[in-house]
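Report on the following structure.
Chain nomenclature is as follows: A, B and C, assigned in order of appearance, with residue numbering initiated at 1 for each chain independently.
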Amino acid sequence: MSETTISKSEVAHVANLAKLAFDDAELVQFTTQLDNILNIFDTLGEVNTDGVAPTYSVTENVNHLREDVADNWHQKQALLKNAPLEAADLIKVPAILDGEGE
Amino acid sequence: MTINFFDNDLTSLHEKLVNKDISTVDLTQATLENIAKTDSELQAFIRTNSDEALLQAKKIDEQHDFSNMLSGLPLALKDNLATNGIETTGASHILEGFKPVYDATVVSKLSTAGAISVGKTNMDEFAMGGSTETSYYKKTANAWDHTKVPGGSSGGSAAAVAGGQIPFALGSDTGGSIRQPAAFNGIVGLKPTYGRVSRWGLFAMASSLDQIGPFTRTVKDNALVLNTIAGFDEKDSTSSKRDVPDFTSKLTGDVKGLKIAVPKEYFGEGIDPKVATTVKAAIAQLELMGATVDEVSLPHTKYGVAAYYIIMSSEASSNLQRYDGVRYGFRADDVKNLEDLYIKTRSEGFGDEVKRRIMLGTFSLSAGAYDAFFKKAAKIRTLLIEDFNKVFADYDVIVGPTAPTVAYGLGEEIDDPTAMYLADVLTIPVNLAGLPGMSVNAGFVDGLPVGLQIIGKPFDEVTVYQTGYAFEQASRLFEQRPNIAKKY
Amino acid sequence: MATGNFETTIGLEVHVEMQTNSKLMSPSPVHYGDKPNENTNVIDFGYPGVLPVANKGAIEFGMRAALALHATVSPFIRWDRKNYFYPDNPKAYQTTQSQTPLGTNGYLDVTLVDGTVKRVRIKEMHVEEDAGKNTHGADGYSYVDLNRQGTPLIEIVSEPDIASPEEAYAYLEQLRQAILFTGISEAKMQEGQMRADVNISIRPFGSSEYGTKVEMKNINSFNYVRNALIFEEKRQAEVLRSGGVIQQETRRYNEPTKSTILMRVKEGADDYRYFPEPDLAPITIDQTWIQKVADELPKSAGDRQHDYVSNLGIEPYDAEVLTQTLAMSDFYDATVAAGADAKRAANYLIGDVNAFMNKHQIELQDTQLTPAHLAGMIKLIEDGTISTKQAKQVFEAIMAGEEPESFAKKNGLVQISDPVVLLGWITDVLDNNPQSIEDFKGGKDRATGYLIGQLMKMSKGQANPGVMNKMLLEELAKR
């Protein structure tokens, strides 16, 4: 694997995916730090993993399923109380711009 | 009245309650006083909840039901364990003032047992860090030297127990966050097997790695706490249905015939020679007691840090997306639209280390990077597990140092994330493989404790405790007290 | 189908809400139309520390859909996270199956307007979480209701086998019926229980490469889908004819103008950062489980129609009407099983019962009618206990939940067929009307009509006309 380097613009792109914003100074600092860490990540390229199955979890559980029984925990009021802004039992957020999201 | 936890283990406190030598209210009050006396120097607690604690203590006294070992005993919780109606922040600004509306399973189990939670301990923000310095709220001191870090991320829980504020505490361990602070503070900290303890209510960092575990001054105390918090929970799809044994069942002091493996990679480059010497002496002690000790190899150890930081940050980047200012917690002011709300809330709400890991994880999962990073790391994880499987085919436990160094100075490494990450090399593989791992005090270097790490087969915490107990009883290092002990 | 010199390629991703009792990853109830956020808990709100547990019922409903569409049910399923921020998506990831879909390689045979049958291949089927609902206020705020959040969906992804807006319409209609007959959803369009994401491209005839796809999401009317596609076919052809280039973009259908409006141009692929969900255990599905679900799977509409025509002697058109909804078809089956004459039961359901439902604007399951009551009434007619005229009153009663036999008795709506009783009346009437007997013997058929009228009067309309006629003729012959 060749050495991964990350540019300021790539960092800005990733920040956008993660909904984070950095000013110029922060962007420079983060780019350097991420670059250093990616160099550690690159050492994985030394290992031949052909034919190795990935492990995503070490749980032994299979088919941990819940029977289809409805149970309302009646948490609505407590949940809405924690919302920063709420109106008529709805969570209130600043306007969604057209074309965002799904 | 006063109580000195250095003079009392859980069994002794339990007997005092049963015999009515002290009341639960007195014990709770004394604990809160201990904290009040010493927390200005330790800074282990983000907040205490004395009202709730004393109320519950009163109830326990009225019932006088001490059938559970932990009934009436005070404890502290890491601030990433959900408590119904009591502020829980993960030491992050983004959850400042947040009161969960439900209890973590460990919290309800302890509460059912009658144990009394007196407060929330400091930690690295969302458990991201190894020194508790990334907390939004405060910096915690090492119990042995207040100029040193307590380790992390569960630094508050470790310092509180080591500093004699509380007889036991819970932490969480994703890449060493229980074992390393236990090592830095000279106490016992166990990360159970993945699935042994329910994660319901643990603010997730990396779901496939996180486990909750106890901090105590002694091995027996630790096993007693695990007895209460372990077990299947239908609310956690990854929680194990295996039977929960009595974790104190092999605390005999006997290790004759125990087969101990010592990985040569755990004494390689980057390990402080004094730490290595101390740990080797501890291993020699076990050998002297009748255990067989062989050097083995875990060849993929050096790739653990990279694999871990990719997997952990990827999962964390996704787990922490829910902190968006919409439904709970901090919401930034003066936002123009939704996009603005997200970006401002998250940029103002998270600290640098959290942002760094979110960035790493988001990158590792992004189109074009997934195969070379996330998937590659998942394959390395398989190789690390196979390394352990091979060794455990012939050995009962694996031992080595918990951390490459003793506690370093506050502020010394916080600005060098790469160095911080590399320091996790000895604890990380255990999380990747889901194994139980414990740190017990192995001795001191320059007045600071060194951790002996004992790693067991999956779900074999009993043998890990057996090994740790034998060493602890032989070395009697737990009898050594930091200066702060004189305050009680 | 084509526009000018272009041929059209359409692919559809259809989302159907599955009507389980509880949500896919939380036990909160799945229920439409409740007050905002009524059916939510800490899991649905994406609280820190909560964990999902998958709903077995949702997996089995998904398997039903897969089986109904002839798809292969995967033996191993691992959940994946699809990451994106949106207020109706509280965890900022949707739990879905991207790498191991529940079903693969299915198909739906679609009967087109000209009667030909076209096979549309189904590429994949996923069980996944629905999002909540955002309402956009005029006050600069949006409002979030998470009741729907976590409702299990089955996503049905077709291959791009659909060649025209009409085919798309036929596919959707017949897909809806196929889903209806699995019993997993009522697929009510107006309640958003079935929604389609459509993509359409055109290319010159003979071109080996597909044109650039344009996507339209979340359309919840088949007509809108058809109109949107008709507009897009034309728009894209005009762009290409005037030498322009189709951009990869997302558009929105606007009903008032029956046109599509550009929402955003896609710059590269969306980056949803899919990865395996570490909070959930994998699922393995063996043949035994598949068989169990197959055994529970209701028969398809086609099979039922065939059965009605060949075994019950129902007209093909009537069989189609009876299988428009699973509820109607199940009701019909239950009525026949309860002993009703098949044809009479069909006629009642298609005629009087449907008229009743239309008049009151309600669904069959919301009426008080039960298959046992309908069958009971039909049996009363069949065995002559009540007349068809009396049946009209009984019908009204059973629609109000009454038991037919006791209602008929209580209200004297019973035909009297007892020969002893009837003979008594006949003897009386004949004795009192000698002139009529004479007329009858003289060949005046009209005379019987008068006598019957007298008998009906005497029996207060309860005499069974068939039996009475026969006995009257016998008695007349004896005189």
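Going forward, a contact is a pair of C-beta atoms (placed from the backbone, for glycine too) under 8 Å apart; a residue touches a chain by one contact, two chains touch by 3 or more.
Protein names from UniProt, one per chain: A = Aspartyl/glutamyl-tRNA(Asn/Gln) amidotransferase subunit C; B = Glutamyl-tRNA(Gln) amidotransferase subunit A; C = Aspartyl/glutamyl-tRNA(Asn/Gln) amidotransferase subunit B.
Because the structure is predicted, anything quoted here is derived from the model rather than measured.
K.L.:
Quick check for you: compute each chain's CA centroid and the global CA centroid, then name the chain with the smallest gap between them.
P.N.:
Per-chain C-alpha centroids compared to the overall one single out A.
K.L.:
State the chain with the largest centre-to-centre distance from chain B, centres being mean CA positions.
P.N.:
If we average the C-alpha coordinates per chain, C ends up farthest from chain B.
K.L.:
My parser should flag the chain pair with the most contacts; which pair should that be?
P.N.:
Per-pair contact counts point to A-B as the maximum.
K.L.:
How big is the gap, in whole Å, between where the Cα atoms of chain B centre and where those of chain C centre?
P.N.:
55
K.L.:
How many angstrom lie between the centres of chain A and chain B, each centre taken as the mean Cα position?
P.N.:
24
K.L.:
Provide the C-alpha centroid distance between chain A and chain C, rounded to the nearest whole angstrom.
P.N.:
So the centroids are 40 Å from each other.
K.L.:
Which residues of chain C are in contact with two or more other chains?
P.N.:
Chain C, residues with two or more chain partners: 42, 45, 53-54, 85, 87, 142, 144, 271, 273, 275, 278, 280-281.
K.L.:
What positions in chain B touch 2 or more of the other chains?
P.N.:
If we look for residues of chain B contacting two or more partner chains, we find 98, 101-102, 208, 234, 237-238, 317, 321, 324, 326-328, 338, 342, 362, 366.
K.L.:
Could you list the positions in chain A whose residues touch two or more of the other chains?
P.N.:
17, 19, 56-57, 59, 61, 64, 66, 75, 79, 91, 93-96, 100
K.L.:
For chain C, which residues count as touching chain B in their complex?
P.N.:
Residue list for chain C touching chain B: 42, 45-54, 81, 83, 85, 87, 90-93, 142, 144, 268-269, 271, 273-275, 278-281.
K.L.:
Over in the complex, which chain A residues touch chain B? Could you list them?
P.N.:
Residue list for chain A touching chain B: 1, 4, 6, 10-11, 14-15, 17-22, 30, 33-34, 36-37, 40-47, 49, 52-61, 64, 66, 75, 78-79, 82-85, 91, 93-97, 100.
K.L.:
Okay, in this complex, where on chain A does chain C touch?
P.N.:
Touch residues, chain A against chain C: 17, 19, 56-57, 59, 61-73, 75-76, 79-80, 87-96, 98-102.
K.L.:
Within their complex, state which residues of chain C touch chain A.
P.N.:
Interface residues on the chain C side: 20-22, 27-30, 35-42, 45, 53-59, 78, 84-89, 131, 134-137, 140-146, 217-218, 250, 263-264, 271, 273, 275-276, 278, 280-284.
K.L.:
Can you list the chain B residues touching chain A in their complex?
P.N.:
98-99, 101-102, 194-195, 208, 234, 237-241, 300, 302-303, 305-307, 309-310, 317, 321, 324-331, 335-344, 346-347, 350, 355-356, 358-360, 362-364, 366, 372-373, 375-383, 385, 417-418, 421-422, 433-434, 458
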